[in-house]
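See the structures that follow.
Same chain, two partners: subunit A is paired with subunit B first, then with subunit C.
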Partner chain A sequence: MDKENLKFVIVGHIDHGKSTLIGRLLYDTDSLPKGKIEEIEQICKSLGKDIEFGYVMDHLEEERDQGITIDTAQIFFNTTKRNYVIIDAPGHVEFIKNMISGASQAEAAVLIVDVDEGVKEQTKRHAYILGMLGLDQVIVVINKMDMVGYERGKFETVKKELLDFLSGINIKPSYIVPISAKEGDLIAGKNENMDWYQGPDFLQALDSFRVKESAKDKPLRFVVQDVYNFDKRIIAGRVESGIIRKGDKIKILPSGEETTVKSVEEFLKNVTEAEAGKSTGIITEDKLFIDRGDVIVHDRDVPVLTNHIRANIFWMDNTPYNKGDTLWFRCATQDVACEIEKISRVINSSTLDLIAEDADEIKNREVADIIIKTDKPVVVENFNTIEELGRFVLRTDDTLAGGIITELVQ
Partner chain B sequence: MITVLAIDALEYTLVEKFDCNNLKQKYYGKTNISEFSEPRTMVLWSSFMTGKNMEKEILAKGDKDMWNTKLDIKDTFFDQFENPKIIDLPGFSYITDQHDQERKLLKEFFDAQSEEEKGQVRVDYNNLAFEHHRKIKEEFIDVLEADHDFILGYFSVADVIGHLNFGNRTMMKMIYKDLDEIAGSMKNQFIVLSDHGMEQIGIFGDHSNYGFWSTDFKDLGNPGITDFAKIIKEMR
Partner chain C sequence: MKHLDQLESQSIYIIREAYKQFKNIAILWSIGKDSTTLMWLTRKAFYGKVPFPALHIDTSYKFQEIYDFRSEWADKWDMELIIGKNGQSLNEGMGPDASDKLACCGQLKTEALKQTIDKYGFKALLLGIRRDEHGIRAKERVFSPRDKQFKWDYKDQPPELWDQFKNQQQGEQHIRVHPLLHWTEQDIWKYIQRENIPVVDLYFANNGKRYRSIGCETCCEPVDSDADTVDKIVEELMTTKISERSGRAQDKESAYVMQKLRALGYM
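Our next item is the complex of A and B:
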């Protein structure tokens, strides 16, 4: 039987050892192509140095650029328990975009902190995003313990500083593990230098996490990506939640027209249903006007159509938002013009200080509690109910902000 | 004390790509070597130390003999200093045996008939270049502590390794980061200068038609390599 997969992200300040941790994980789980690690080791030796695992990432990026690796943003390894996928974002802006736009779909997160440098601004910002997205499977690794002589006191100081911050943003890490990615301490079994630590090592902690439950038991939300007119008229899209079956009575939103699923289409396969997470095609009994951005639901479980949304957003563009500016609101394949009607609160994502209430602008790296007014009604959900329709981005030509929906305003 | 990190084939675009902030210093840019017909190592370093275009003179020696060039200190700006130390610089204190051996192995590589033979020559070639780099680095770090008013350390590793491995980005990054570390360990004012850069041709590398410079005291714009004799003399 195939082993299950768990996707996770590693976040933290730029020099705190993310690349080294990834390199070390791939090395300790024997997931690197034969010969490559030996070459890196040899060059390090030639330069009079110990092996630096961070260069494994350079090798992977090199492969990516040469098109050898098919998936451009994922790194794979496995333990005896399951397969893991590290979702790699090259910079923190990309990370935030990926996390909020849902490209990442991470089920767990690892927050890495350099024991010598402690908690930095970027650490806090990344942690803030994890909190906003409600990720509840978080491992904090306090790295570079070798640089401080594996001293417990240093670990406890950084641990306390971080926990103080995390408690303010509703993150309770499942584990806080002191590690040395460089030396391999407490990564995959080895613990010769920190006998004062009694908890699981990094991979044991990761193995204890659960794989995200499928959204198939939730109400049906099939978002339309395109409509193809071949010899039959196929409506292509993705089942974000629930299950769509042949014979289901469905409603098309926002038009509200109703019909029945005539068939579920999958290339070279005879299927009668498609469940959450699946991109598929359907044919309907009636030839209705259906377009990209429409959402298909069961007639027995119709969501609210609204043009007023309360949300938390993270602004990530150098140009501030000024009240009255028009933006595009994108949620799944829905793309409509909008403006921010009310900026209730603006918060500094690093210090968590309240910057302003009932504000007129939102600046780069600020978090805001806002009310959005869209030009047309959209099918959205509270992020805690159906995550896939509860996250969105605000954009012009570029993505300017990402956010999650906290309330549908009637 | 004035120090020059003379790095053969340090490529501007890679210094930027690999975020080598110590090599970049406060001001950095490309040097203009368009007055030379080709970016030749011996011609460029000879022109640097004399402050004049030495192309005609060096090429007159022929392809083989040019590598034996040893200019008199009186013909160079090093003469302006009381106790200069110049390590391995082509045209002045070049360690000819070492570099002859590198060129011999490079030729053997391209003459080799089988991939297996090429692979072995590549290993020998890389080992030779890295071993030399370690020695030069050690010597350079030692002389920084000694009583010199001018020090120039010539590092050939980016050029020598680059010729056979420039397409191996991980290897090149490791070399650039090592050179960046050397720049990071400098305590006094220094100039970083390369004769030319390098461009990728498959897995190999060939000289590009501009060099690299950096300082932490002045934006030099787009200087010629012959301008540095005057710039350094003025720094005294």
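Our next item is the complex of A and C:
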């Protein structure tokens, strides 16, 4: 039988031990390619250092020099239960957009905190982003327990500090595990130094994550990507949620025109349906004008069309947003001009302090609660209802901000 | 959906996005298993009527099996095929023995690719690279810009989230599009197995050796293996700890060379 696959992101303040933890995981699960450990030993020796598991991660020369992980990297490893993909998100503040790019692909998250340093700026910012991205499966590891003599009191202090903070942003970690990434304590089976801890070790905690559920039981949202006129006119797109079937009565939005699915088209294969996640194509009974950005739904389950959206966004560009600037709003394949009509609240993403209410600008790394006005009506959803149509980016040529829809304003 | 179906759908989505956005694109077909899988997916994305050409950068030092496979399948799949060569450099005698390997790759791959892109004005290229291939590739985005010198500025890449990919901008010569980025080597072989995708015979064991990665005959070494069918290769990959590109001369010359080649834009 095929094993499950799960993607998770590891985040935390710089130097709290992400790279070391990943190196350790690969080592303990016997996932390192032959020769890798020798290669790392050699590098460390030439630098006059002890072996550092962190170097497994740091492939780029410049990274080694600066000692920081600069970009989102992905690593693969297996347990008997699953195939895992680790997304290593950089801790350095400069690389926040990489952290967000990484976290946006994950189904679950691990937050790492140095027991000696406790909660720091990036710990807060990253945790906040996890919450914002709707990542509700979180494990916390409190690292470097070896540096504090594996003392329970130290662990409890940091744990409390962290829980206080996390509860304020609605994150409930499923486990908080004391570990030493360097020595391998409570990572994969070994626990010689912390018999006061009764919970699962890190790998066991990971195996408790749930794989993301399919959106196939939700209402149909088939998003049109392109229309191909080869020998048949095929409407190509992805089923973001629900299931589309031959014979279904459908409605095209925003035009509101109705027709029936004549066939579901796959290359060299006869199929009659396509479910959430599937890139497919359909032929409609009537020849309607359908274009990229249209959303096809069942006539029995029609969403609202709106041009007013309330959302939380994270601004990721050096150039601030100034009220009145025009941006592009992109949600799935919908792409329309928009303006931020109201900037209700702007928040500092590391201290979580309120910067301003009813503001005029949003600067790099600030989080804002806003109301967007789009030029044309769009089909969107509350993030908690249908995630795939509840998240969007704001952009010019590149993405400037990512956002989550919290309310459809009528 | 099953894992392979998810991977397939994600790739098809990316391929269709690239075509929609850039129109004048090509698929870089090295004839290896990854880019052949990419061809397969591209055919699926466009129902067998791929509206752009396949581009093979030919160093003229490839295995004969690669040339045979290329003509057979370009024909069977009805693909428009463009062959890119750095004719001048070849005439001047460039080759793996004539110079160091980096210079040879630079002339016969990078330079040949540059010339071909210039000639046809491609806005984007589809490439079959994967994140698990090498540490540096782990840092790639799905849509990754290159400037005129083919430089990849991996330090200042735009954010990429929720399948919202970047547009082309001033100063960006072309965009590299990576529809297989999220696949692993094992995924590729399992998919080849499931879909019955043809691959070059060099991948199958012959007298106890097979190639895990193919390129120029002069710079590839086979690995020890008895896997002479796709099923056996899938089996072998579940247990092996030898990394995929270990047979490639290029990688042995240290991570630094690889990084340099990457920044130069050689796949």
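Keep this in mind: the second predicted complex is superposed on the first by the 364 of 410 C-alpha atoms of A that agree within 3 Å, B and C clash if a C-alpha of one lies under 4 Å from a C-alpha of the other, contacts with A are read in each partner's own complex, and residues count from 1 in each chain.
Convention: a contact is a pair of C-beta atoms (placed from the backbone, for glycine too) under 8 Å apart; a residue touches a chain by one contact, two chains touch by 3 or more.
These figures come from a predicted structure and were not determined experimentally.
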Revision key, fill the gap. The answer to whether subunit B or subunit C touches more of subunit A is C
Exercise for review: Classify the contacts of A:236 with the two partner chains as first (subunit B alone), second (subunit C alone), both, or neither.
Suggested key: second
Exercise for review: Identify the partner contact of A:268: answer first if only subunit B is touched, second if only subunit C is, both if each is, neither if none is.
Suggested key: second
Check your understanding: Once the shared chain is lined up, is A:205 touching subunit B (first), subunit C (second), both, or neither of them?
Key -> neither
Review point. Can A:113 be said to touch subunit B (first), subunit C (second), both, or neither?
Key: neither
Review point. In the superposed arrangement, does A:330 touch subunit B (first), subunit C (second), both or neither?
Key: second
Exercise for review: Pick out the shared contact residues on subunit A: the ones touching subunit B in one complex and subunit C in the other.
Suggested key: 59, 61
Review point. Subunit B touches which residues of subunit A in the complex?
Key: 39-40, 43-44, 46-49, 52, 55, 58-59, 61-62
Revision key, fill the gap. In the complex, subunit C touches subunit A at residues 1-3, 5-6, 8-10, 12-13, 16-17, 19-20, 43-49, 131-132, 134-136, 138-139, 141, 154-155, 157-162, 164, 166-169, 184, 241-243, 246, 255-256, 259
Point to revise | Touching residues (chain side subunit B, partner subunit A) in the complex | key: 126-127, 130-131, 133-134, 137, 169-171, 173-175, 178
Review point. What part of subunit A is in contact with subunit C in the complex they form?
Key: 2, 5, 30, 32-36, 57, 59-61, 70-76, 97-98, 100-101, 104-105, 214, 225-226, 228, 230-231, 234, 236, 238, 265-268, 275-281, 292, 316, 330, 391-393, 395, 397-399, 402
